[in-house]
Structures are given as structure tokens and as C-alpha cells.
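As written, the chain order gives the labels A, B, C and D, with residue 1 at the start of each chain.
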Amino acid sequence: MKKFAHDFKVVTNNRLNTRHFVLELQAALPLPEILPGQFVQVLVHNSPPTFLRRPFSIHFVDYAKNTLRLLVQVKGEGSRHMGLLQTGDNLNLVYPLGNAFSVPSSNKVLLVGGGAGVAPLMFMGDYLNRKNLRPDFLVGFRSGDEVSQIDEYSKYGKVFLSTDDGSMGEKGFVTQHSVFKQTPLPYDRIYCCGPDAMMHAVSKLAAEKGVPCEVSLENFMACGYGVCLCCIVQTDKGNERTCIEGPVFDAARLKWQSNG
Amino acid sequence: MTFKNPVTTASGCFGYGEEFKDFYDLGLLGGIFVKAVTGSNREGNKYPRMAETPSGMLNSVGLQNKGVDNFCKVIYPKIKNFNTEIIVNVSGSTIDEYVMVAERINELEGIPAIELNISCPNVKEGGMAFGVVPSTATKVTRAVRDVYKKVLMVKLSPNVTSISEIAKAVVDGGADVLTLINTLLGMAINAETQRPVISTITGGLSGPAIKPVALRMVWQVFKAVKIPIVGLGGIMNATDAIEFMLAGSSVIQVGTANFIDPMVAPKIIEGINEYLDRHNIASARDIIGALKVC
Amino acid sequence: MTFKNPVTTASGCFGYGEEFKDFYDLGLLGGIFVKAVTGSNREGNKYPRMAETPSGMLNSVGLQNKGVDNFCKVIYPKIKNFNTEIIVNVSGSTIDEYVMVAERINELEGIPAIELNISCPNVKEGGMAFGVVPSTATKVTRAVRDVYKKVLMVKLSPNVTSISEIAKAVVDGGADVLTLINTLLGMAINAETQRPVISTITGGLSGPAIKPVALRMVWQVFKAVKIPIVGLGGIMNATDAIEFMLAGSSVIQVGTANFIDPMVAPKIIEGINEYLDRHNIASARDIIGALKVC
Amino acid sequence: MKKFAHDFKVVTNNRLNTRHFVLELQAALPLPEILPGQFVQVLVHNSPPTFLRRPFSIHFVDYAKNTLRLLVQVKGEGSRHMGLLQTGDNLNLVYPLGNAFSVPSSNKVLLVGGGAGVAPLMFMGDYLNRKNLRPDFLVGFRSGDEVSQIDEYSKYGKVFLSTDDGSMGEKGFVTQHSVFKQTPLPYDRIYCCGPDAMMHAVSKLAAEKGVPCEVSLENFMACGYGVCLCCIVQTDKGNERTCIEGPVFDAARLKWQSNG
């Protein structure tokens, strides 16, 4: 698939809460086809400590406006600097990168996300809707003040909510949510994205319940397009590249323990 | 052998070239130095394999590759018709392994040269160990020279007291061309977790941070030996490339910069041409080693 | 000897301390390593003496100073009552010169230690030449050890194949403490003028660019010898300082960072204290060499 | 003299022409006494290729507004980046650095400046006016479209103008200006700042005419406060530091040939 390194223009930078914001970025040329699960590599201009690009999932694609969105959690200098971007600023992206979530054959799909890991699920929801499928969402946040965009997700499917401190939705991690208490689980497939520990827990639970599960990994990357071999993950086929063979993997294929 | 222009891409930073076909026409490049090839399959080092550092990065990939047999049978057929020179970076843990790989690559018609990697800091045996002692550097070079009939390039490690001494040792062994530099041995620590950032504790430092050291070594070696030099280390743009040529590089390689801007190599080719035009210099050849020092 | 805190300033980057009195109370510092002192007056190298490089700089000052006699008579009286440890960086071109300077400094009551600089890359004879060969490193250390009765620190050059071998050689010579690292030998070229940027063509690279190499060397030496280490190389903030302590430094030096922010050293002292509080660590001593590697 | 490292706020950034702009910077704390000829070291935030600070002469001090001004010529990344600063941005300065022009005892003073080298002369003019002295100015520019702030200089004294291409004022270098054709030169002292070649030419001319001359050097600096020994200039006393013993030197004391 053809890849590009292009400047995008910041259309909006919406602060969701103290640690998260959404950038809407407009391309100068028509966007190519992009699939949910794919990511971009962001060049953080003018941030002296930021040498390498930073990978971010594609949160949403709006072909009509020729924009894509990133949902960013402030972690270090790179993401902090991205948070300072203003309407009209340029941001250079290499895109579209990586594989994508598989396309399910039924409606009975659960999209599980935690924190900034919810990013690709919005795009996936929209994508499934266009294929006349309505997924369920299970999204987890640290606490109520980080819960955001629930209305948006609700457009694409039913939303279950959990927070670590119980201040909104059910209390606890997503794996403790009552959705997972059902036997058998009323889903044909689970798609999951979030912190490593969460993805591991969800994939274990899915395996126990006999439901296929795909996870989207966030391994550290140098290039993002398959040439540096820094982002590898151990699978049943040996070392695979998160940025090419992933970031989406069938959870059953991963050897979790060795991953970082 | 000749390159259509002096801009090539560095081993380990460009895969086998295929991934970059998604970005531009590989025929633009002077050449491609493909990822290290060893005697047999290597899984490489554990994750995490990289750390960002000021103006650079550490890597500890550890020569992950599927081995020379796979290279000849699976990869070579896919890349041999790229409209540019393909040079294979040959690595190993023993002299026999280097020799074996070189013999196999010697048979591939579409490969005009190998680059002997005696400078990888990220594997336990072999690699850099060969490249930091003059006598073993001569020995491994000579052993490969005996079996390899085409252009033999040898890639030097900067982790030495005297780079010109090593360069001379490798010339004694029969090298046709010297490539320098490979990565500097470095380390990164996460103060919060109090742990090393990469799994192997130490790794190879690349990127603009090492450019001053690389330029110095190219210059020292240019004065010490008579064979051509392929220069690299932190080249990010045409100005950097020109500096390496002025210091004595006939050809330059672009490594880590490919990660920051996948389009960087063609941009460097263009930038060099603009520079030559602006300075009324007929050919890139005219600036090789042309540094004015008095 | 003890330092009131692990943060000191590096030789050549802090003058004799006096200039920094205009910025803050020097009594805040763990110690000050003053500019190199040689046997007699040295004019140093020609202008230009510096070049900016990615995340670093090259310098080629060349040990400019007025000589040990001037130091003892003119400078020492002005600085001896600073409320912090003053360590003199001792340099020379011959073993006799090192010995002569050390003997003179030995007489100064207010100086608890010297730092033997066998690693300056910017002078023709002496300096680095002593520091890159184990046998001469031992020899010069021993010669100074014989005449210097207080704490003998030796500052190592990173421009070597094996830093732990040099470290051991210096320990054999009788060093009490090792300082590492001095600058990496580098070079900068102005592509437009096609000339080297600094008058001596090559110079010493310092700043964050060299931090990964410095950390690696501190870690290697920490594992190889039993004497305390003073670590430096690219420390810009408290996090960097903590990384050097985790890798095995008992004390750290702040060099080039003083040029970017004259207030940096007191800020690092504060930052280390915050880190210790946040991690519930009783004393800075507890993180020395505390890197978790398994 | 006490020195400081403080953040200043950009009050205005006035573009004079394509290559020059004036930054007016406000201090948070009351400015200390500053003398004409002194300089600041600017930390260029967020410009990845800019590691070291950049030295700039103090162009003007307004104690009432608690501001100082820098006149900047765009040369490389650092100055380019400073040109992008906007009202309200922060800029960290180390100041006040260096020595100062001597205080003349008579009115018969010529201030000679070329290009961005005119920077300290505005401050000097104001300073002399406050001491009830009115200097003459001789300012040289590349061409008419770079001539600027002549009205300002005129407030402090008479202004002679030259441009290399003759598009405004007299044609040629400042040393070719008719001011210098007078014998004897009607000045007791000349103060000069500009490109090295210009300062050298002016100081030679001044020596020939027997008029004392002070020049303000622009040697490359790492620290700016006397500790790195990178900025040295050869004088009759050996190597001296441009940032401490200078930047202003009695021209007769300099060994020009060795300087760069």
C-alpha cells in the first residue's frame, strides 16, 4: 500500500481533560483509503528533546472534510508539544501505517478500550456502521473526569463504561465489568486496545470464554514502516514487526510474557 | 563499480529496500546497503530494542535476519532488479561464518559488492569484537578476501582508540573500500524505573549526535589510507552529506534519518545538486576530500 | 574527603568559580573542579575555538591558563575560602610537568584533591596521549601518586577501545577516584566555506550528544573497579544526574550545561532532592550504582 | 556586577525589513543598571538545531517600561526562530554581560555602525544624550531597502548615511563616506560596531587620523560570561575574553590578523 509523508494543517485542537486532547488534521491532497487500526507517525517539530517520530492510532477519518483525528494522551515531551498546537499549524505525518482490525462477519462484536487506547475504536465503530454492523463498546477510564466523547461512541453502538475509582459507570477495570460476567459471552469477536496489562487481561478472559480477540499493540517504534526491527513482538511465528505485521494481532498468537 | 550518485542508504535502516517502494522510486538512489545477513536464522535481541537520546537513538536489534540461505532464495529474487546497486551487509560470529556468507553472496550476479560488518556492537560474539583489534580485523578481512571476488567493503567500528590503525589493518587484509562509521556503544537509563531502557543494557548510538565523531574519523582515515571511503553517521540533509564528502567520503550512506523522514534520501540527492550548481562545481567527485585546511 | 552534595561543576566549564558568584552562592555546590592548570603559562589554541553541533558543542581551548605559579599566588587566595570543595584539574605535556604541578598544588591547604587530566584532546603533546594507552596511564598516575599526598582523581578519555582496561591501569597507578568522561574527539565542517569550523580542525565534543556514551562508560567502569567514580558527560538536569548515579557515579559534574543555563547546578541539587523524596529514598548515596539489571 | 538568567516577555516584534527585526522584551523584575555596549545571551527555545545561547547587543533600554530591545539580523536557525516570536511569548536572557563603551568627555564623538552592528549605537546615543552629549552617527547599510530607524537615531544626534549600492545616502562603505574625508577629523573618539572587516577598516582609518577608536567585537561565544575561553581575541595582553574584557576594545590594542 502506498504511504505518504505529508504536512497536515491543524483544524482544531480540542482539550478533553487535563491529560487528553483530540487533534483534527486536514490533508492538502485527498486522503487515501485508511483502515481502522492503522496509525500515523508524527514529526514533533521544534521540540528539542523529540528526535524520533511518535506513533498515534487514527482516531477518526472524515473523507468529506479530508481530515483525520488523533486522540492523544500527554505522556512526555512529544505529546505535550502536540498539545500546544493551534489551528493553522502544520504537522507532518507518515501514513497510513500498519495493518488493520479484521472485518467481522456478524453484529456481535465488542470493542474494548482503556484510556487513550480507545482512540482507534471510534474509527472502527464508524467503519462498522458503514458496513451496517453495530458493535458494543466497553470503555474504561481512570476516573469520571477523564470520561469523554461517550455521546460520540453512542452514535455507533451501545456503550458500557467503567472507571477505576467508580466515579462513573461500573467500578474497576474493564475486565471486571458485568459485560464479561455473561456466560456464554454474547460476542463473536473482541477488539481491544489500551495499556499492555489491560490487553493481556482481556485476551486471557476472551480465551477462557472462547471468543476470538484482536489486540492493537503500542510497542516503541523508531521507523514505523518495517525497516528498523525495533518494534518486534514475539508471536507463534517468531519475532514479528508491530508496525507492519501489526499493530493488530490475534491475541492467541502472542507470547505476552516476553513483551517488554 | 560505480554509483549513479553518491547517496546510498545504510544497512539496518532501510530493510531490503522493499518497504521504501511505498514512498518513492528506488531507482533514484545511488545504492542500497541491505540489512545484515548471517550464516543462519537469528531472532535478534529481546524487546525493547531502542531508546531515544538527545539528537540520536540507541538500538540493539542484534542482527535479526533469516540467514543467508533465505536471503539467496527468497529475498534476492525480489530485489535483484531494483534499478540501483544492492550491497549486502555480511555479518557473523566466527570467521568461518563470515566466509560462508561471503561465498554464498559471491554467487549472486546482481550483487556487485559486500560490506563486511565487523562492527556490530549488539551481539555477544563476533561483530564488534573483530573490528576493534587490528590483527583480527586483518584476519577476517583476508579470509573473506580469499573467497569473495567482487568489491569488498569493510565497515569499521568507531569504538576504538585509533581508527586509522584499524583502517590500515583492514587495507592490509585486502579491503577495496572502507565504510565508516558503525554505531558508538552507548546506554540509556530510565531514572523512574531505575532500569536500562533497552534489554541488552548497552546498544548502538546513531543519528546527528555522532556526526562530529564520524566526520573526524572519515577525515583521519582519508589521510591515512588510499582506498575509497563510504562515510556515514548522523547525516540528516544535503549539508551533512557534503561535509562527509569534503572530509573524504566518495559515497555517503543515510541511516537513522530514514526513520525521521522516509523521503530524505531523494531530498539529499537534490540538495547536493543544488549545492554543486550554486558553487559552480562540475561534479560531486570534485568535493571528495576537498576540505581546505590552510 | 566528602562532598556536601553530589553536584559539582566540571573543569573548563566553570572558570575558577568567580564568574558564577554573579549568579548564585557557590556554597550551594558540592564542589568546583577548576580550569586546567599547567606548569607554565599557555596561550591555548587559536580562534575559533568552538562549534555548535547537534545537542552538543566542540571546543578546542587547548588548556589556556597562566600556569601553576600564577594559580598558587594569584588565583588560590581568591578562591580558597569559597564554602565548597575546590579541586584542581592538573594538566601537562610531560610526566615531569604533571608531577611538578601536582607537587605545587599539594602545598595548598585549601585544596583537598586534584583531578589529573590525562584526557585533553586539544593539545599536541601530552593530554590525551597519556590517557589512551594503559601503560602510560599507569606511569603518569604513579609518578603523581608518589608526590601527591591528598586525594588523587584521574580523569579518563572516552576515546579508547576499552575504558575498563584504562580504568584498571589507572587504579594500578594508585588513583583514589576516577572521573569520566572527558570529551569525545570530533570535527565540524562549514560546507559553505569548505573549511573546518575550529582552528585545530578537530576538537572535543561535549553536551547531551555524548550522554549515552558517558553513561555506558561509567557503568562499565563501575563494574570493573572498586574505587569511587565521578561521572559526567552531557548532564543537563536532575534526571540526567540521577542516571549517572544509578550507573555508578558517587559524584557528578555539570559541564557544558553551565553555558546554557548558569543556574543549572543549584537546580540539579534541588531536583535530586525532589526525586529522593518522591521515591522515598533516604540518601543520594542509596542510588549509587543501584541500576536494576535483572 | 550581578548577572541574571530571567524570562522576558515579548512586547513587540517589529519587522524592519526582510532580514532585520526589533524585539522589545519586558522583564518581570526591575531591570538592573545596564550600560551601552553590553549584551545578552538568548536561549532559543524549541529550535532543535540551536543548542547554545545566542549573543545580541542591547539595542535600547527603557527603564520606565522596564523593557530592553534587541535588533536582530536573520543569519541562521537561531535568529530565524527569534523572528517568529510573538507578543506574549517568553524569551530567556542571561544579562547584562560584557563591558561597555567608555564615557567620552566631549561632544565630539562619532558612532559608526554597519548592518545589525548599529544595534548598540541607539542605546549609546540615548545614554550620551542623558549625559548632555550629542554624538554624530555614521550608519551603513547594504542598500536603501535595509535602511531603517533613521528618525530614531536622529533624535540623539546628527546622522550620516551610506549604502553599498548608493540607493540611499552616500555610495560605498562607511569608510568611504565624506565624513572621513575631513582633515583633521573633527572627533575626539570613534565608537564602532559592525562586521569584522568594517571595524578593522574603521580602526585603521582612525589610527591614521590619530583619533582613538573603540570597537565592539562579535566573536563566537559558548558561555558569554567568561568561563569557557572560546571567545578569545588576541590583544597586546595576550588572549582576552570578548565576553568579559570586551566586547568593547580599544582598537589599538587588537591584533586583527589573527582574529578568525
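Following the convention adopted for this analysis, a contact is a pair of C-beta atoms (placed from the backbone, for glycine too) under 8 Å apart; a residue touches a chain by one contact, two chains touch by 3 or more.
Remember, it's a predicted structure, so these values are computed and weren't measured experimentally.
Enquirer: Farthest chain from chain A, going by mean C-alpha coordinates, please.
Expert: With centres defined by C-alpha atoms, farthest from chain A sits D.
Enquirer: Averaging only over C-alpha atoms, locate the centres of chain B and chain D and give their separation in whole Å.
Expert: That gives a centre separation of 47 Å.
Enquirer: As a quick test, compute the distance in whole Å between the mean CA positions of chain A and chain D.
Expert: About 54 Å, centre to centre.
Enquirer: Calculate how many whole Å lie between the centre of chain A and the centre of chain B, each centre taken as the average of the chain's C-alpha atoms.
Expert: Spacing between the chain centres: roughly 36 Å.
Enquirer: Return the residues of chain C touching two or more other chains; collapse runs of consecutive numbers into ranges.
Expert: 53-56, 207
Enquirer: On chain A, where are the residues touching two or more other chains?
Expert: 48, in rising order.
Enquirer: Specify the contact topology among the chains shown, as one of line, ring, star, complete or other.
Expert: Per interface graph, the chains form a ring.
Enquirer: Per the touch rule above, enumerate the chain pairs that touch, sorted by label.
Expert: Taking the chains two at a time, the touching pairs are A-B, A-D, B-C, C-D.
Enquirer: Which chain B residues qualify as touching chain C in the complex?
Expert: Residues of chain B touching chain C: 51, 53-56, 58, 132-133, 159-161, 184-189, 191, 193-196, 201-202, 205, 207-213, 215-216, 219, 234, 239, 242-243, 246-247, 275, 287, 290-293.
Enquirer: Across the complex, what residues on chain B touch chain A?
Expert: 12-15, 19-20, 22-23, 35, 43-44, 46-50, 52-57, 59, 61, 64, 207, 256, 258-263
Enquirer: Using the touch definition up top, name the residues of chain A that touch chain D in the complex.
Expert: 46-48
Enquirer: Under the touch definition given earlier, write down the residues of chain D that touch chain C in their complex.
Expert: Answer in residue numbers: 1-5, 43, 49-53, 94, 219-220, 222-234, 238-239, 244, 258-260.
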